[in-house]
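Below, each structure is written out as structure tokens.
You will see subunit A twice below: alongside subunit B first, and alongside subunit C after that.
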Partner chain A sequence: MSEAEAYSYDAEMRKANRAKAVAGRSVIFKIKRCDGPGKPARWESFKVPIEEGANVISSLNWIAANPVTIEGKKTTPVVWESNCLEEVCGACTMVINGRVRQSCSCLINEYAPCEGDVMTLEPMSKFPVIRDLWVDRARLFNNLTRVKAWVPIDGTYNMGPGPKESHDHQQMRYALSECMSCGCCLDACPQFIKEEDESKWDSSFIGAHAISQARYFNEHETGKQLKADRMDALSGAGGINDCGNAQNCVKVCPKGIPLTESIGAIGRSATIHAIKQFFQGKK
Partner chain B sequence: MSENADSMQTRHFLLRRLHSLTGIVPIGVFLIVHLTTNSTIAWGGLNTRAQSEGFGWMDRAIATFQHEVEFINNMPLLLLIEITLWAALGFHSVLGVYYAISGKSNTGAYKYSSNFRYALQRITGYFGIFFIFYHVATLRWGWTWLVPGGTKWSHEAASSTFAAAIQGSTDGFTPVGFLVACFYFLGVSALVFHFANGLWTAAITWGITISRPAQKRWGVICAGLGAGLMLMAWMSVIGFATLDYEQASRVEQILHGEQIHLNDEPN
Partner chain C sequence: MADEKRVIVVGGGLAGLAATIRIAEAGMPVDLFSMVPVKRSHSVCAQGGINACNDVARQQGYSEYQHFDETLIGGDFLNDQHPVLEMTNWAPKIIDLLDRMGVPFNRSNEGFRDLRLFGGSLFKRTHFSGATTGQQLLYALDEQTRRFAAEGKVNKKEFWEFLWPIVEGEGENARCVGIVAQDMRTMQIQSFRADAVVMATGGCGLVFGKSTNSIICTGGAASRCYQAGAWYGNAEMIQVHPTAIPGADKCRLMSESARGEGGRVWVPAKKGDTRKPKDIPENERYYILEERYPKYGNLVPRDIATREIFDVCVNEGMGINGSNQVYLDLTHMDPDYLTEKLGGILDIYEKFVGDDPRFTPMRIFPAVHYSMGGLWTTYTPGNYQPESPVSSFKPGDPIPIGNEPGHGLDIGAHNNAMTNITGLYAFGEVNFAYHGATRLGANALLSCIFDGVCNGISVVNFVREGDQQPVSELDQALFDAATKQEQDKHDKLLDSTSTGTGDQQLNPYQIAFELGEEMNAASTVVKTGAGLEKCLIKLEELKERYAKVELGDGAMWTNQSLSFTRAVGDMIIIGEAIAKAGLLREESRGSHYRTDFPERDDDRFWKTSVAKFNKETGKSDIEFVDVKAGLVKLRPRDYGKTESNASSASKEPIGAS
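Our next item is the complex of A and B:
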């Protein structure tokens, strides 16, 4: 099963729903709401008329214009974050019907084809809620800095053109480059636990996205200059060894990035790194 | 990086990888040997060298098992081997529980087979610790108060005393004995799964299997090994759970060269 197939494991169900979608129906949006950090969560439902081609974002837009619950109670507009609206920025990631995914690419026809069907929207479960469906994903980006997920090019002189790269190697790295830091892999991971205490982030499990990005930059001809630093970080607490191999990450990744292959590859790098450290390490 | 952070990192890596390694060597290797030995109760009838006058299939199986147990008992430095195993089991268990409670299973939302295996790996780990403790405590350390019927396992009468311990009496199943036999069945099944699945994930942990096809191929091999071990485990438990105490006892007496008087034998 390829990653793409794994991601769309329920593709048949969604395809069938699309075929039987009823025009002019209304769908119930059951939304988990929260007024701010530390405030209690509550559920509110909205009845939304579905237009042709409607997705979760367009439905949330309708709710923002008509913030009245199904009981007829006027409420505040639901807050969410979105940006590109074409599944490449990751900002609108949320938990839809219990599973994490981008809301912009989530077509109502595929999930709620009949009158009165319910769409459940919740904020991502592993990050602190700012308000309603809007979460603070700072830890996700913090974890990219743990593995120095960048290419060191700043210096006092021109480093010149990089070395040539084979086509196959370029293809392999291209797949890894597609990560948009949405956090789906983290939300679905049983080893990635919500942690609001910032001081614990650097020793908590780093997550598949950062492991895969470490591999991406380790494989970059200039980026590999920082490989030892990355492997130091990944060998420690919260690093590669904390992975429990549930392999949910690869199945929920909207970009079909081979995250579990990255985990295996970084595992191999960590093994080699440890052997090198033992026999020739100065530390 | 500070020296403290350095040693923390080294220690973390070492503990994690030792946890993975101990699951295979010595524990996994021992499991294979142990199940091979124990399942002789089911297939030892094939062993024609255990033939003695009047021996049938089951008699040969009992004799083979007895022979294996005595071979193990006569191994040099047996206690050292045992202590190594207990230490490895203790280490693997304590760290395993510590690691397992660091995760939070979510099979309700993400119903993938690999996710179920993740959850099952942890459940079988907890249950396996419980089972191994009971198994070693009752049969090796002689905690007979935990054995229904109070039979003390003896390496000199390996089949008969174990049959009595797992059946609850020397006279076939008692209700509690039946529960013990079921407990054994579940225990060995859990541990075989835990080993086969652990072998699969260990290959990813150490970076041996990287590509998805490689992980799949190795998965087939691990599943095959698991199926074989599962078969041996079930044969062992069912073999002893259905073993006739009198018959086993008689064979063991013959093996010890004791005079037997079939006519005088109490029924």
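Our next item is the complex of A and C:
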């Protein structure tokens, strides 16, 4: 499936597949495997009986208990990262049938409704593989540090409530706060390139995830104290100017976060920041 | 002055991060160990909210003291009272702190923090952030931790698994001086020194197979501390949520508001009827709750609904297609009305099940949700020591004690939330102290953060002021021996791969599956002496099979099968403590319901069960010790008069997390 097709694989098609799903069928899982960094990748296929309500996680669990390929060769359980299985922790992100998403919310009925249909699982493409479907997303968290994604409180002692906030403003911030740092937006972004050299992270494109989080903290009354620092980071190498406006990020975000709005808002802030710096003689 | 002393925090959920922040803020370096990036911890799953007295409720007659009283009634008086008083007194200040950290709490029209009703109270005292309160609170603490890490005060060790506490000395002289941990990627096993260790490793839902818990919630870390000599309190107190969505991989919560809005619970009247639900005519359906409780019907309280659904499936085998599932049916109602009232939760159901509940009846079943029990901890009581316990408290009564800090606990006392092993602390869900026999909805997030921000001070004081020898001066041999012990266990497990016979009986996933089935059937909703005895025999069999377990993956790099298989052995041991404590507690209290002992028996069992691991037999020795009370007098747990209140609480969107 091409990228364009994957993106158009919408809710209607999934619903149609659900309606025609055959009970008691088996589905072929074609999984891209790799034993570790520097090791060659290989494909292995498994024939998995589909129980009611099966998703990618339950299928991988079945393979773990029955690690035999379709050719009858004994192999090892597949390695992947997961935790909450409720699509709120972001751990189990992988590329499924060509599209990056969480595997916990990926129902087999929606993707492989007929006997012998194929599900293709690959690791995320923009992060180094640790083993099989597990990738190292340390860079993604590093990028949160880059934009100082926190509210600089004075301390944890009792000092009364935080700043008051209007209902509408809270709703706007809440939409941004649901970001679970899964990295879908980065995997789909043509500008975000895989970078294994940690020393280059701080000058490589930061991606929609951290840009949107910078906006989230800039919008908080106390958080905005660090706005200048954030805008410095986002105005430099690998900052907002590297965005190519492909808008893939917003299409793959599982939480429907308005990422392109955030990129627009940070772009405007960057312009104002540059003008301020010019008049302050800093640049 | 350079502080050479260090603290280790194990677990990066709300309790672990709150502790990390408090300890790092005091200038003490923290090594934070977590099996997952801390932002992905299980705390993200909590939906409903966090309880605290607030200005509006206060003017309506509510108080911190009443929150305290409600928590004790909720817990059926099995809670240790002093820590609960301190916790509820701190609650409003904790909300303020989270507010300052930037948590997007829902707001009223005027911009104040909004509140919702929750079970167990007549007052709006639950603060919330959309339907993802736990996620929002965890993120706020994650952000502060990231800030400390950027400043070099916190050393995050993510993808490291805790293997064993390093304990020197025996019995009362036992002291924890570090941990052994393993890098889950490189598989390197290493010892780490620490002047204090905080366990904040959450619950043990996976002992019951599929639960609402995340997949790392095996209870493995708590079990390892238990096997190393830490005591385990009230193991048998496991909370079951009545309406969960059974999935192929886990159970997910379905809000009780579906029942509140008119949902009908039924199974096919004919056992083994395989027809689709809409093909089964009305007169061939068995409306379980309506027929058994004509007066309340589907609105019976939560515990009754749970037990009846369980009874119909497990005891009578009448679940849908013989499975442990019943229908929760909304299809008789107007789809537009349902969308308006229940839209969010119906969407979650559709996302994970693939059926639209407006047109297809939902399938639900009770699921294990929270462990009130956990590592046993102690404390130093605060300055509120009434001559006689308060006998009854009603809203509007004069408040026996104010909300100033220090009434419940002697804040900063070295032993607050410390286990029986000196220097080993237990915070959050893994601490047994706060919730007694049942936890009130929206109190879990509070107890986790309270442990961190209040009892974190105790950790710092213990390390700074205690007269124990600094851990940096201890002989390296102790740490090398601990590393070797874990390396040997690890290597033995790894060796089982090469000798594998392919015997399914020795497959770790099969053993874990049978453990979950047995524990769920015998030790959750409805317990009997006979059932628990049978369960203990089954656990013995599993233990024997586990001794010969065969690993499916012999890799020396990122071997998840090994990590899981190791945890299965620890889960069986915790499972045994849970079942045995349940067998010996011959009464019904809170979440612990014994059909052969249906009444609360305060004379014999107003006591904490304390499990101690017997290294000779490999089994649990259980003692019952008095609950630390003295503030509030025991009284019946009577929700009779507030039943209408209980059902109003169930109208809340996605509650009771």
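We adopt the following convention: the second predicted complex is superposed on the first by the 264 of 283 C-alpha atoms of A that agree within 3 Å, B and C clash if a C-alpha of one lies under 4 Å from a C-alpha of the other, contacts with A are read in each partner's own complex, and residues count from 1 in each chain.
Here is the rule we go by: contacts are C-beta pairs under 8 Å (C-beta built on N, C-alpha and C of every residue); 3 or more make two chains touch, one makes a residue touch a chain.
Because the structure is predicted, anything quoted here is derived from the model rather than measured.
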First, second, both or neither for A:C104, with subunit B first and subunit C second: second
Partner chain(s) touched by A:T271 [first = subunit B, second = subunit C, both, neither]: first
Partner chain(s) touched by A:E178 [first = subunit B, second = subunit C, both, neither]: second
Chain touching more of subunit A, residue-wise (subunit B, subunit C): C
Partner chain in contact with A:Q247 - subunit B first, subunit C second, else both or neither: first
Contacts of A:L121 with subunit B and subunit C, given as first, second, both or neither: neither
First, second, both or neither for A:G223, with subunit B first and subunit C second: second
Partner chain in contact with A:S235 - subunit B first, subunit C second, else both or neither: first
Subunit B versus subunit C as contact partner of A:T260, first or second or both or neither: first
Touching partner for A:A188 - first (subunit B), second (subunit C), both, neither: first
Subunit B and subunit C contact sites that coincide on subunit A, given as residue numbers: none
Subunit A contact footprint on subunit B (complex, rising order): 1, 5-6, 8-10, 12-13, 16-17, 99, 102-106, 108-110, 112, 114-115, 117-119, 121, 201, 204-212, 214-215
In the complex, subunit A residues that touch subunit C: 18, 35-36, 51-55, 57-58, 61, 64-65, 67, 76-77, 79, 81-91, 104-105, 107, 109-110, 130-131, 134, 137, 141, 144-145, 148-153, 155-156, 158-162, 164-167, 169-170, 173-174, 177-178, 180-181, 217, 220, 222-223
Parts of subunit A lying in touch with subunit B, wherever the complex brings them together: 2-3, 6, 9, 98-99, 188, 190-191, 193, 205, 232, 235-237, 239, 241-248, 251-252, 258, 260-261, 263-272, 274, 277, 283
Contact set on subunit C toward subunit A in their complex: 21-22, 25, 36-37, 39-42, 44-45, 93, 95-97, 99-102, 104-109, 111-113, 129-130, 132, 135-136, 139-140, 143-144, 146-147, 149-150, 185, 214-216, 246-250, 252, 351-355, 453, 507, 509-510, 552-555, 557-558, 560-561
